[in-house]
Amino acid sequence: MAKLKWGMVGGGEGSQIGPAHRLGSQADGLFQFTAGALDHRAEVGREYAIRLGLDKDRAYGSWQEMLAGEKCRDDRIDLVTIATPNSTHFEITKAFLEAGINVLCEKPMTMTVDEGEQIVRVVNSTGKICAVNYCYSAYPMVRQARAMVRAGEIGKVRLVVSNFSHGHHGDAMDADNPRVRWRYDPAMAGISGQFADCGIHALHMASFLSNDQVETLSADFVSTIPSRKLEDDAMVNFRMEGGAVGRLWTSSVAIGRQHGFDIQVFGETGGLRWASEQPNQLVFTPVSGRTQIIEKGENGLHADATRLSRVSIAHPEGFPLAVANIYCDLADSIKGKTRDGLPDASDGVRSIAAIYAAVASAKENGAWIDARPPIFVK
Amino acid sequence: MAKLKWGMVGGGEGSQIGPAHRLGSQADGLFQFTAGALDHRAEVGREYAIRLGLDKDRAYGSWQEMLAGEKCRDDRIDLVTIATPNSTHFEITKAFLEAGINVLCEKPMTMTVDEGEQIVRVVNSTGKICAVNYCYSAYPMVRQARAMVRAGEIGKVRLVVSNFSHGHHGDAMDADNPRVRWRYDPAMAGISGQFADCGIHALHMASFLSNDQVETLSADFVSTIPSRKLEDDAMVNFRMEGGAVGRLWTSSVAIGRQHGFDIQVFGETGGLRWASEQPNQLVFTPVSGRTQIIEKGENGLHADATRLSRVSIAHPEGFPLAVANIYCDLADSIKGKTRDGLPDASDGVRSIAAIYAAVASAKENGAWIDARPPIFVK
Amino acid sequence: MAKLKWGMVGGGEGSQIGPAHRLGSQADGLFQFTAGALDHRAEVGREYAIRLGLDKDRAYGSWQEMLAGEKCRDDRIDLVTIATPNSTHFEITKAFLEAGINVLCEKPMTMTVDEGEQIVRVVNSTGKICAVNYCYSAYPMVRQARAMVRAGEIGKVRLVVSNFSHGHHGDAMDADNPRVRWRYDPAMAGISGQFADCGIHALHMASFLSNDQVETLSADFVSTIPSRKLEDDAMVNFRMEGGAVGRLWTSSVAIGRQHGFDIQVFGETGGLRWASEQPNQLVFTPVSGRTQIIEKGENGLHADATRLSRVSIAHPEGFPLAVANIYCDLADSIKGKTRDGLPDASDGVRSIAAIYAAVASAKENGAWIDARPPIFVK
Amino acid sequence: MAKLKWGMVGGGEGSQIGPAHRLGSQADGLFQFTAGALDHRAEVGREYAIRLGLDKDRAYGSWQEMLAGEKCRDDRIDLVTIATPNSTHFEITKAFLEAGINVLCEKPMTMTVDEGEQIVRVVNSTGKICAVNYCYSAYPMVRQARAMVRAGEIGKVRLVVSNFSHGHHGDAMDADNPRVRWRYDPAMAGISGQFADCGIHALHMASFLSNDQVETLSADFVSTIPSRKLEDDAMVNFRMEGGAVGRLWTSSVAIGRQHGFDIQVFGETGGLRWASEQPNQLVFTPVSGRTQIIEKGENGLHADATRLSRVSIAHPEGFPLAVANIYCDLADSIKGKTRDGLPDASDGVRSIAAIYAAVASAKENGAWIDARPPIFVK
């Protein structure tokens, strides 16, 4: 039961994402934090890494240095987490994969569809794992929902309604706050604001739960705060390859919603509802039957739901342990036991393609557009 | 405090709507049930009306007979409720109005925009009241929400999200049940299924709460059960004249949703949420503040909310008393105290226009279309 | 389908209870409001009754006058509702029953156990109906719960937990407000404050749902606001004749609870939960199974639940229609179709006995005391 | 930022509590798992400890061996967690404290009040930390509630209602299951069943939130499943030293309640409610004001609530991280920054005294009994 060796690029002192990944990777004792290039300021990063307990020679000043250092070690890291600014994800991810090191990349995996397809090809050629941190998919009751759909417990999926709305950017007085403003500025955030930031989680979840892929979409983007160049509210209708219909609303000006990420899947013989603010319950209604509350930890759940839960029924498990579940699946996958729930490079590139499609659709008044990366169009 | 005299066309024995209107009109002792043509089978209708306590000479065999009989009485009815099949609403409503009798019409007020505009003109020329039974608007906490928006308590409205979804037509096995099937058959239901049936309540509510009118819309209609010619699920994006953005989802195949009519209004300084399954609470969040629960019956509510509530705080009042509230407003309006919350012919024709616009948009892949009746386009 | 004739004693202008009974009795068109002595000020009462539409000769100046007037008419009232100050209930109820007129009495039916037993004897000897307005028992989903327990759907009842707590008397600044103060003053309220006011509903409900009777109890009463002579918070443990255990908490200083009347019944094979603030749902959990939401109006409910609901599934029905349901049961019972759900004089006297027992127990530091009226002790 | 060194006694392979403590101690990188005596079977324990990554010489075969081994090391452990069978807690805790090693003990700290008082004396004389794992008290929003009470935000506390009820032992068919049976067998569980198991958490929480101590109590214990010798349902009324009234219900036969641990604190100017199944929200109602939802992570929380939360607003944090928060407070306390929220030996002995008092009271039909350990009676 030797621990796997884990490293991180980015996630320096004061970031929120660094502690989340350290907690996630260490909660279950599966990974040993071994190497890091935690800050773009070399000395700052090294010093912090040492304070966190890394050996001096694995407290690196840059990701390039880290890659060079790890590549040639016998005891090199098994997994690196990439938690740097978005525009650097592609380059770093590609480099580590090519060096034979498995990657967990923060979303977005890349900035363009072409880059995303390159990552898919590198994964295919190297056989290495490239996971993307769509960590909501790792909640036990999300896995239960997915397994129920796969097992036919709600019949063929007809309709998916997936929302991710909050109101934390709803204060126009606060719109110039740099912590908020960059998200709606194309120079910093890219081509999409709220849809790329939150909506994409909802879109991934729609695919994840319905075990299907988005084929075409039509988008309506608005900036309800006029000074914003990128959308702070979006509605996306979509169709899946298997024929299901999708509705996705995402907003950052929905004052009063705190973390309104919830999804409903409606099939021919039943419906499911899951909400991220009460992640330990799944609501199931068989057609013409009564609504039932399925609890994390109850007897008879599907294997994935049971496996990814740590404490008994009705003891809540929250977001940080959903991140930890990504690491559980990674540990298993690295050891050769493939976990098909783990979001991977194909999910990553599909997301980028959907963002491009939504932006294009919104510009053309909601025209229906193919949302698939060319690599996956048969 | 003499009671007003009330009559009904339609709502015969075994209907659900007849008892609802009788309860609504009599709950507060404001109206005396005086005349009726309750069934298209003359004898059946007369006999039932007599059993309900009407005098023989005002238990009519048809609406024409009733109109003729009432028109020339000194003690003629003050108000007639039209609860007949949809395609007859226009003719009957118009006739009673022209005879100088106030009308409460079930939705849809008419089948075409042109008919709707005719009703508006008759109302304008006769000075009579033509109310349309958008009764959800008469819940106390809906009135509270509207008054808060008017008073600027959430600032300028940016976004309205209004859903009305249920799953009661989600069973394909039951799709041929005549009680269900007609709703999706253009020969019986007209040009729209679920949007015209339920969605239109959500659209009216969006206007009602935001104190604004829909200007343009874009619709996505689907029949998730393939045998259906009309939509059982629809998404409509819209823009209001005052600039607010709207999102409206309606479905009858959302298995597990029972009566999922809920609306959120997001303004510059706050958000509101109301749900028809818990109608006695209104959820309010000031920007950057804590979510508050506003209770029907609490001190300091706006006048309309207090006026239309009968029992003290946290004693629930339900749907039948929302209908009764429509009658309260009608009684006041008939007596000359205009109640601006009462949905009227202009609401009726706007709804029809929106249905036509949504159907046209859906046929054109979601093209944006003007949703206003010509009469209201300046 | 001639209407029954109904009269009221008390419930004058400005009272909350008068309109509630008028709405309840007239909502379903079963009763005609025919006679009344609405105010202890004779002229005021007469004038108000006439304004409400009563004939002059049946707009009485006192209950004695009304009794005398109605007794000798052929068309006398079928039912009288007693909504006068508590201390007068006994005398008026007894007099009308003895005159052969059915009674619906507000709670408490009497001030002493002996008086209560007298009423039971009068009922037995006259064959007339004496109902007591424990109207919460007439919610459709309460009836569903009772029927489920009777049908053995949760097995033998082990435990009942019944609470009725609110915080509306929690403001010490407001304690001298006459509208509040009298409730805690023995000179006006009698021997018990909050337990007699609200707790007794919870105790009745415990018996009603478990189909069993309280045998012994132990009470802890406190006045959390020291100026109060009577309790504003009470805990009562009890045992039922069939062996079930009971827990009852009632409070008027539970700031934040609005109308916290909710009850849980736990049996050998399942549990039920109902809450008066969401009265249209009943929560059922079979032992070792999933929690289910039972909706008012769903298919397959027990007959009483279906009969006492007016609008379809998930259209809420509230408190005023629970009162109306009492009138529905009364109409049926008067016509000879006994409705065993109707709370009657035996319920009335049991409540009084329980209040006396609780007061005595509280004085003796929670000693266990027989809570039954002697007339029901075998 | 060197990690503290941590050891565990008990928590062997297959236990639930072992992983919970390892996760809790390692989630935030504050402790290094350094030594363990994980199983009463020496070889099994050693082998498991080595598999978990301990050095051979600190993988001990018994707690005595571990104590002897650690005591004389320079780099001895800073903290030991005791997760052995209840009856051994006293002896092991005392021994480690006397050796100068800080302890986190699972509840109950001891089996008798006298033993508990001995631990308090050892703590006083050694200056070492003895924490008891009342981990619910470490949820951020519980700390927020406590801080609000301390800051006077609800005024003087009048009433505390604390429940911990579930239904997982409600199946009589399952009562002989050894996993369940021992809990109700005095030979194995001691003098109390459900009250000592769950109720004691609710009692601790009542003290914790009200910043006060239980003085006297009156208990009603029942075994609703007759084969049980110890109670499976209990009601305890209590009075606090500061005058507040308490109500505590605990049950293991409340079928349908999953983890019904919730607490309400009512003061002179407001009320608070917290529920363990939705631990990230705190419900606050100011007297005569609206109910507000306080969210973990919102701006302006009290320092303890902010400090003990890891992810931003509305990202749920669950039970395992409440355990981790105990370790956070322990790490700070060991380093000399006392954390007064940390439950300690005085809490431990107060709990034992309350259990003895409740058992005695229940035997005497609910007599009121002093619930304080003699050491704390002035």
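So that you can tell them apart, the chains are marked A, B, C and D in the order they are listed, and the count of residues begins at 1 in each.
Here, contacts are C-beta pairs under 8 Å (C-beta built on N, C-alpha and C of every residue); 3 or more make two chains touch, one makes a residue touch a chain.
Every value quoted in this text rests on a predicted model; they were computed, and no experiment measured them.
Listed by label, the chains touching subunit B and subunit C alike are A, D. Chain centres computed from CA atoms place B at the largest separation from subunit D. Two chain pairs, A-D and A-C, are compared here, and A-D has more C-beta pairs in contact (counted per touch definition above). Mean C-alpha position of subunit A lies 55 Å from that of subunit C. Our note on geometry: subunit A versus subunit B, Cα centroid distance of 43 Å, whole angstroms. In whole angstrom, the spacing between the mean C-alpha positions of subunit A and subunit D is 35.
Across the assembly, subunit A contributes 288, 291, 295 as residues in contact with two or more other chains.
Partner subunit D is touched in their complex by these residues of subunit B: 288, 290-295, 298-299. If you check the complex, the residues on subunit D that touch subunit C are 154, 158-159, 161, 167, 170-172, 174, 218, 220, 222, 224-225, 233, 235, 237, 245, 247, 249, 251, 253-257, 264, 266-268, 270-273, 283-288, 291, 365-368. Interface residues of subunit A, counted against subunit D in their complex, comprise 1-3, 16, 19-20, 22-23, 26-29, 33, 51-53, 166, 168, 258-259, 276-280, 295, 310-321.
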